[in-house]
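Two complexes, one shared chain (chain A), two partners (chain B, chain C).
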Partner chain A sequence: MSALYLRLSTLTGLTVRDLLRQNVLYLILIPAALTLLTLPLFTALTFEEQIKFMRDFCYGTMSIFGLFLAIIATAQSLSNDLEQKTIFTILAKPLNRWEYLVSKGMGIGLILFFALTILTVLSAGLFAYQEKSLLEAAIGNATHPLSSQELQRFSDQLWSPALLMAVLILYLKLILMVGFTLLFSTVASSSLFTIFTSLMIYLIGHLQSTAREWVMGSEGLSVGMKWVVGLLSVILPDMSFYEGAERILLGATPGLSYLIPPLGYTFFNLLWILGLSTWIFESREFR
Partner chain B sequence: MNSSLSLQIRNVQARYSLAWNRKAMVALDDFSLDLKAGEIFALLGPNGSGKTTLFKLILGFLKPKQGSILIQGEKAGTRKARAQVGYLPENPYFPKYLTGREILETYGGLSGLSRGVLKDRLEPILELTQMSSFAEKPLHTYSKGMIQRVSLGQALIHDPQLLLFDEPTTGLDPQGVDLMKEAMKKLRSLGKTILFTSHLLEQVETVADRIAILYQGKKLVEGSMNELLKENDAATIQVKGLSEEQLSGVKGALYDFGASAVEVTPRSGSLENLFRRYTK
Partner chain C sequence: MKIVFCLLLLILGFWGKRFFEEIKPQPELNAYLPLGKRFEQQLIRGVLGGWRPVVADIAWLRVTTSWENRQWNRLYENVRIATRTQPESLLFWDMGAWHLAWNASLAERNNRLEARIEVRKEKELYWAEKGKNLLEEGTIYHPTHFKLWLQLGLLHQERRHDYVSAYECFLKSSQFNGAPSYVARMAGYALEKQGDPAAVLNYWEKLLEKSPDRPDRGLIEKRLLKLKKETTLDPLKPIP
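== the complex of A and B ==
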């Protein structure tokens, strides 16, 4: 095994172990699980609405709590090393600073994978429970009995493997946010600043494509201004690349074309984010 | 670069810029130092004199505003240079849930050591630091002295040539101090170079080959213990075979009194007095 692999895997492992022992993971994962467990309480919906609601509710819960986990865990990981001064013993070793950043990112990426897996399994359990309840209610409904084809269609919608692709796209989106949060951590002196800035960037990312289209389409704007907007749109995240997940939730049948754009976009952004973070982190002094 | 030098520092200056455009504070000014393999060098100075700043410059945590630092010929701050440096911080912090052995393995991994190399390195380090009896226990059960031994172990795990010990004996009990001093002497015998800081002057006196005193970022004095502690205007006269009465008039003509042996050697003061004289 190469020395580089050993250094990366050791620090990634240490990051994972640190996060598993910190309250932040459980403070986010437990409320997320509790939120999912409220799903059976929403019953005043039609059978079809109920299935759509279940998919949206579980994906939304994963999306919101996953975002909090990605941003807070990343912001705290670096600031904890600075506050506890472990960074001095870690960076005193023959370890490149980019290796430190990559290992932190990979460790948080593994934790996110772990968290999303747990929430996906929990969602599947809830789907099974709800499906059983709904079917029992539908069979007992004498006024609007469901045909076997309808039952099969609903079951297919609920257990569509495409939903896993939606979760995968969500994971890529969260990994992008880990990258941005790491970037802000390299300049910030407080984790609060990093968390706030990252949340702002996330919001901007969701508004970006609409705002860009509006600005580029407006006739009163100078060419120079359009160039500035164009440049900003490259630097700021564009979350429309991850809209495939929402389309899957709406019932679209996904192909590779749903996965390749978010995969490529995440990879491209992580590359420049890592380059810029390393440049900043290399020049940062630790007093 | 002289190839026999473990550390070569030339005219280094470090400054801390202050907020609101106030004048930058000079933490270390025109500092030079050469350390050879197999010597123990002590940096003395009051708090804020620039000792820890120097360590951070050597490790690349700070960048000098001028001057150069070479470690075994490599520019300070580079990965190759850090491969030659072991650092024991003043207040080490390690994850409390890990055992002493796991800490050493983790820091070995961070140095890029394979399991095979680590296995060979661990036992001699556990022996030198006398950690074997508690290496399998988690850190939250450790005393300050035990944590300091783990910290010493992690500093040595990648077999560096230059060792930086920041206040290595502060807060330790006498047994802990003795262990640290013995470890330093053993490491010197293995050809390692040790640069350390301390406020405990008596302990410095017993292990250091050379010292320097820093004050407000400037090096006031540097030299070997023997040179610096020699007082030229005073001498100790040791006589043998004289009674208490005869000793009273011995200064003028010792041999006239019939002494069988007279030995005159330069008198040494204490390191503490030297330190106080320069930093008062």
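== the complex of A and C ==
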């Protein structure tokens, strides 16, 4: 067990170092941070609108740049090992191929966690700055001074702990995308193909549940076709599991049990993805 | 051995995935919408990703500037973009309809640059109708939220003087969670304007009967007494 832990941690560390060396993290994290810093340029009319905008903007930035980081870093990671032939050195060691894949995923997961943490801290800083300037403006407003109740409500909405849960749900969604990208990387030789396919999967994942319902509910569809659709729905991800983050942004304040469905769904998806990608990776020959 | 391991992972993964799909606790956002509209929403969500609410918010910021510049058509376009991109946000429907049915409509009524009164009246009604249509569409996306039904009732009452529709909307609004107690009273006032005293008295009595611990019980009792006097009905006798 300790040998397995040692192998996994060493390979995970190598993946992290490799990703840092490739500058993928900085190339995505810096534009994301710069985008976040433009937040004070947008001012809305009411407090309610302003809070909504601040939440949406920070979450949107994390979501988009996080998705790019998850897909690009994963697609680059495996193909780089192949291009630079480092995979030969690694696989020549007494190491299972599933261990290699798991450590790749874990390394990218760590990088994602690090990136989201930085963006969350930056967002919190911006929230504090915006809160201060908004409150100053409100106190100076002679026509409509804010009551202490309004101030409290504003502060509560802005600093809701549920927002952290939204970031966690986003992290789970990105981890699922890492899994899918890793699966495509084991088949494809081009990282561009992997990136494009993963983005398609992301889009299809959003449409899956509605499309499945529509196809299954339509009359005149052959049993064979329904089987195909059923099979596709088993393989394709259902992104509606991660809609909880959007609910939180709209003002929902759920308990911790809210995390169980996306957590469980991500875990079991990663299991079958690992099974299939190991199967493919085992049968692949490297020359 | 390795294939067995992979197969085990595959089976366990698919089983777990199906299990979670079956016990999925909450309906999807907009799950009650017709499939076409849901598909549209999921497509927007997939294409814009996390930027979907941001796009809606930026359109909303443009609504505010259009309002300040009195560009009503531009305002309407941006309200539509915001409501289409993020229909789950109640704010866009509520405030968007307010801009159209009140701000734009009243600005057209008081537009001194237009000398013809009938044109002003026509434009006033045009924007009031746009606001009404927007709220009605909003109630498809938020069928159980009291706020939009309340706004729709107010719009029918104040802008269209349609007290029958106003009563129906207020009544509906009062039945949903979170509705303030005054909404049920507003339904009563709208009913009073329809000119059927027996129905009004019946409504107020039933309201008190249904929820005797209402915070506005005193107000309703006073109203009831006043109405009974006005309609020359014996306050001690039951309502016919």
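Everything below uses one rule, namely that the second predicted complex is superposed on the first by the 280 of 287 C-alpha atoms of A that agree within 3 Å, B and C clash if a C-alpha of one lies under 4 Å from a C-alpha of the other, contacts with A are read in each partner's own complex, and residues count from 1 in each chain.
In this section, a residue touches a chain if its C-beta (ideal position, glycine included) is under 8 Å from a C-beta of that chain, and two chains touch if they have at least 3 such contacts.
These numbers come from a predicted model, not from an experiment.
With both structures placed on the common chain, the touch criterion links A:T89 to chain B but leaves chain C unconnected. Residue contacts after overlaying the shared chain place A:L270 against chain C, while chain B stays out of touching range. Judged by the touch definition given at the top, the superposed model places A:S240 against chain C, while chain B stays out of reach. More residues of chain A are touched by C (comparison of chain B with chain C). In the superposed pair of complexes, A:L14 makes contact with chain B only, with no contact to chain C. Where the contact sets of chain A with chain B and with chain C meet, they give residues 96.
Residues 42, 44-45, 48-49, 52-53, 56-57, 59-64, 66-67, 96, 98, 170, 202-207, 209-211, 213-214, 217, 234, 238-241, 243-244, 246-247, 249-250, 261, 264-265, 267-276, 278-279, 282 of chain A are the ones touching chain C in the complex. Chain contact summary for the complex, chain A toward chain B: residues 1, 3-4, 6-7, 9-11, 13-14, 17-18, 21, 84-86, 88-96, 285-287.
Of all residues in chain B, only 16, 56, 59-63, 79-80, 82-83, 85-87, 89, 91-95, 97-98, 106-107, 109-114, 151, 154, 158 touch chain A in the complex they form. Of all residues in chain C, those touching chain A in their complex are 2-3, 5-10, 12-21, 23-26, 28-29, 35, 38-39, 42-43, 45-47, 49-54, 56-58, 60-61, 64, 88-89, 91.
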